[in-house]
Amino acid sequence: MHQEEFRVRTAGRQFLDLTSRIAEVVRHSGVRQGLCNVFLSHTSASLVICENADPAVRRDLERFMQRIARDGDPAYEHDTEGPDDMPAHIRTVLTQSSLVIPVRDSRLALGTWQGVYLWEHRTSAHERRVLVTVW
Amino acid sequence: MHQEEFRVRTAGRQFLDLTSRIAEVVRHSGVRQGLCNVFLSHTSASLVICENADPAVRRDLERFMQRIARDGDPAYEHDTEGPDDMPAHIRTVLTQSSLVIPVRDSRLALGTWQGVYLWEHRTSAHERRVLVTVW
Amino acid sequence: MHQEEFRVRTAGRQFLDLTSRIAEVVRHSGVRQGLCNVFLSHTSASLVICENADPAVRRDLERFMQRIARDGDPAYEHDTEGPDDMPAHIRTVLTQSSLVIPVRDSRLALGTWQGVYLWEHRTSAHERRVLVTVW
């Protein structure tokens, strides 16, 4: 059981590819066959496994979320931190805070087109903590 | 590997904070560094990790789901148990039935603002079974 | 730690019940008490735990997704593989690529009405790889 935390700095709404950072933790762990958990301890950013080839996919995902959870919707009660506050919580609940990925032959058993992304849902920059556990 | 089940009684649509109940199972387990799985064996209630400070966040989440998966939508074929039957299945599929949370220093490694909630999606009261595994 | 991969052939958009295939891997593993991870290494098909009794539930889920992530929406930038390309990525991000299910008494600890499904989001047939790990 190997546990390692790292921090990433986001620049407001964006996708950050964490795949190589996580793969590095798997290498450190020495685990050949097992599993890897990635955990994000925040409620306004989330984790997704998504297509890693065409950046337009991430732009379309961002647009999709802006459409179904509109910023500044007057229906929101919670807007303490601005028009992107409640949408960020909704987006987090609709995606993941925790991912489990198998490890095979000492590597993440991701498909060819799968990347692991941190999705920042706030419009301003944030520091985010990522805890990786391999076993 | 420590496995423990508990039951909770919901009062219809609501969020029930399970964080302290799960933390208790982690204590029973004696695990210092590891992981914890929370599993809900139902298809019309779900688990979410969400903001634990302002109850308005949960009211907004409930309103969001009522908007995107409208109760009694005539487009639903499946309405055997009433207008909230199919929306409950949709909400479950859009959120989680199973969560993995890291354990560090004998405690759930949740962020400051993260709570673990059971989200009841049926409008009537239900008894729900929660299975927690720590390893 | 037991790891086994199998392949399934989908016939375009549909739900494939994987429950018995996964239960078989759990039997092979010899694990009595533990956990099981199911991982799908694709970005245009996903995994869901959903109601297994009435097929209308799955038809309603399919209709729901067609409504919120419309095929051929002119707002999508990414449409390289056709009108169902970007919706498939959106559906995958809104559901799961990885599931963790507890094992109790050598069996998947699923509820009575829970089935594990592969949800094909592309309109054409695909071969999909499923990696199951039991520990």
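All chains are identified by letter, namely A, B and C, in their written order; residue positions are counted from 1 within each chain.
One rule holds for everything that comes next: a residue touches a chain if its C-beta (ideal position, glycine included) is under 8 Å from a C-beta of that chain, and two chains touch if they have at least 3 such contacts.
Worth saying up front: this structure is predicted, and the values here are computed from it rather than measured.
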To bring chain A onto chain C by a C-alpha fit, how many degrees must it turn, rounded to the nearest 5? 120
Could you classify the chain B-chain C contact as same or different, where same means more than half of all interface residue numbers appear on both copies? different
Mean-CA-position distance for chain C and chain B (Å): 20
Mind pulling the chain B residues that touch 2 or more other chains? 68, 94, 96, 100, 135
Can you tell me which positions in chain A touch chain C when the two form their complex? 33-35, 48-51, 54, 56-57, 59-61, 63-64, 67-68, 94-96, 99-102, 104, 109-114, 135
Contacts from chain C onto chain A in the complex sit at residues 1, 3, 37, 39, 41-44, 68-69, 75-78, 80, 86, 89-90, 92-94, 96-98, 100, 129, 131, 133, 135
